[in-house]
């Protein structure tokens, strides 16, 4: 059995073959560390700027369910900051942030299966397949932002600026255009789709793309928990909830 | 009821008063975002370099208990990446990474209570108080690194380089020196102590200092979970455990 | 290294020395299993009736914070029932259900420290100590039920009926009476206090008394999650919350 | 918005229309409460005996991954019993205990889709379908117990004794027989399959059948955590793990 990640020795800690103290601390940003840990290499400057955007974009989205869950857990168990953050992460599931995983899988498997096809041919095939199976295409459409998710637009713009825009991003944009045309209404790429496509172009496997949301939301949860320390609203929220739900056995 | 953190509107997301798409994406690193969310302001360049080190330093420490827990949960529930990461965070408790919280509390409360005393006077009082109560001083001493935690030394060095070394760091170094003298053996500052002191000097309240570990370990857990996808060791580990523990009802 | 609990062999599973299939299944209720696992012995008939009440009493208390957290997590991650239940358990902390632990500790340590004193003498000492330190006494008083928690009254009644009422229960009732007298208003035993006292009389150590709440609330969370499948209210609840909290950066 | 489960009023708690204190405490076992909460009715005596077996059967299975995860989390965060239990539940995923959910789904959907077919016809269709799609049939076969899971045999025996054996159980036994015949080696029903079939016969929907494992494993985790308090083995286990895994960057 082996690990390639790291080891703690008596007088040093090694990470991916680097001495943590001598080589990494002070010389590596957290975002570069994301590359080192998950890609096994330091990302380029352009990739790092893009990764920063992928990490920043999901940090905060107002009072979504996971942050309310984190506030509720914290107010019951303030001795356990980590439990409140963990409760928040548990809400990053298939119907919330997890769709980036499915979108990345769809893109990576389609490109791997048809390496010689152009992306518009692959896009048409993806839209056909989903239509035939009656399934929603992951990574496009958004309830809060039906006219287009401004975060996704900006992420693709940044991907072009930073040289990280590649075949996966191109494919997803063509899927969105093609699906929108068929349905007769715009179905723009959403933020989890953009993250999935750009992360795929940088080299992340689809199974780990949800990680950007998990890192971002760890910070987001910490923000809400800290606010709950100063201006606790969870007691009033739960009373409102109890007052608005009737008991009908 | 109100929040100061963020809101998702129909065509924009606001974070701490900034338009996420127009102002933050592409212009803000994740580490700067840590400052914006938790301090309510963009950190300076020196502070950002220091914050990067505080976030990077705990990412990876080999096969510690929380990452093994994450691997075990993942191998049972691969459909739920977030649950494996959450299990890892749950292990950031009072005996593992949580001591940064207690150390930061000790430093912040002591400095707030005696604003006019010099740090060496405060340090002597802290060591006396703990000795009288028979309590361990948080933030000093380490089992794996008894001769001194190289990570802590480097963090203080960086604090001086980046202009973030202040009264809390000074106080902790004096506490460690004074406690070591009394016990007749070195009790150097450990990594969670250094994080606590430097984060306090930058302006983080003690209740949130464990957050650096939580962000770092979210990435660390993702690394181990990804490795478990390629080179699964959890089945063999659990068989070894079962073979080494005898059943004696 | 050893365990006294159980082992899975090729053709049988042993639990506390009993063959699970041949001896326990069909012959042991879940509540008796609670005794077998946590006390190391089958409880008597009276103890079992009492344990049933301790397990049943906390199952359901309306839309409290942990069950709302469970509903929010489930609606985001319906593929992961266990994560929603886990989020609910994370809310069983020091300010919610965890106080049973502190109450049991107080009772067990006081009785162990003064084996020869009568419980009224010990009760007076406990009330004095808490008054001097300015600390709330765990296990008495309740916000939702200020005039007395009917569940606690019934639990003590059952303890007398089942022969499980002992010195810990007596002590807590005297603590409540004495504290109420001092404050000039009733401070009746609350439900977590009654659980703590009765569980202590049956022989559970204080560190595990929170377990009754955890088992009960696992079932309670399952009930709410199942209801969320049929009559989802979490989407409407979160919209109400978002509408009632203003953004003021 | 409404709930049918319960409400906490000023001087009483109602659960499924019953006064908790006056009607349920002392008169309802925890296992009957499982029926009341999840089926909406008190189970019969036979059903209750069967439900007890379904709850008891998964409590303890030796040092499986989730209980080791619980021990690791507890030893790092002993202030948070609930977090260690939660970590254990997070390991009840698709590859461990979650298969009861899939098995119950398969049985319930097949019987609902073909109400007029005999179970042997439906069984043959299920085996064909899985063979054609190259998929494993959930609920049959077991690594630790290749010759037959004694727990499953006993559960079916009890189902017959208690009058809870019905079409779902019959169907699963025929599926196992038919699949074993095709593969030329026995593929007996395993414990999660038996739980799924019997729970389906009693009237539980497939989406909640994992709940039996979650309740049982909450107790199982408490047992291991309590043992860890007295005879801590997690420090030695983690050292063994670290010694047996080599670092090869």
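Note that the chains are named A, B, C and D in the order they appear, and that numbering of residues resets to 1 at the start of each chain.
Keep this in mind: a residue touches a chain if its C-beta (ideal position, glycine included) is under 8 Å from a C-beta of that chain, and two chains touch if they have at least 3 such contacts.
Just so it is clear, the structure is predicted and the values come from calculations on it, not from any experiment.
As for how the two copies chain A and chain D face one another, over half of their interface residue numbers coincide. For chain C, the chain whose average C-alpha position is most distant is A. Centres computed as Cα averages put chain A at a distance of 23 Å from chain B. Averaged Cα coordinates give chain A a centre that lies 32 Å from the centre of chain D. Distance from the chain B centre to the chain D centre is 38 Å, each centre being the mean of its Cα atoms. Within chain A, residues 1-7, 62-64, 77, 79-80, 82-83, 86-87, 90-93, 98, 233, 237, 244-245, 247 each touch two or more of the remaining chains.
Within the complex, the chain A residues that touch chain B are 1-8, 10-13, 15, 20-22, 24-26, 28-31, 33-34, 37-38, 49, 51-53, 55-57, 59-64, 80-83, 85-87, 89-93, 98, 101, 144-145, 147-148, 150-151, 153-155, 157-158, 161, 205, 207-208, 210-211, 214-216, 218-220, 222-227, 229, 231, 233, 236-237.
Chain D makes touch with chain B in their complex at residues 62-66, 68-69, 72-73, 75-80, 83-84, 86-87, 90-96, 98, 233-234, 237-238, 240-242, 244-245, 247. Remark: chain D residues 1-7, 14, 16-17, 77, 79-80, 82-83, 86, 244-249 touch chain A in the complex.
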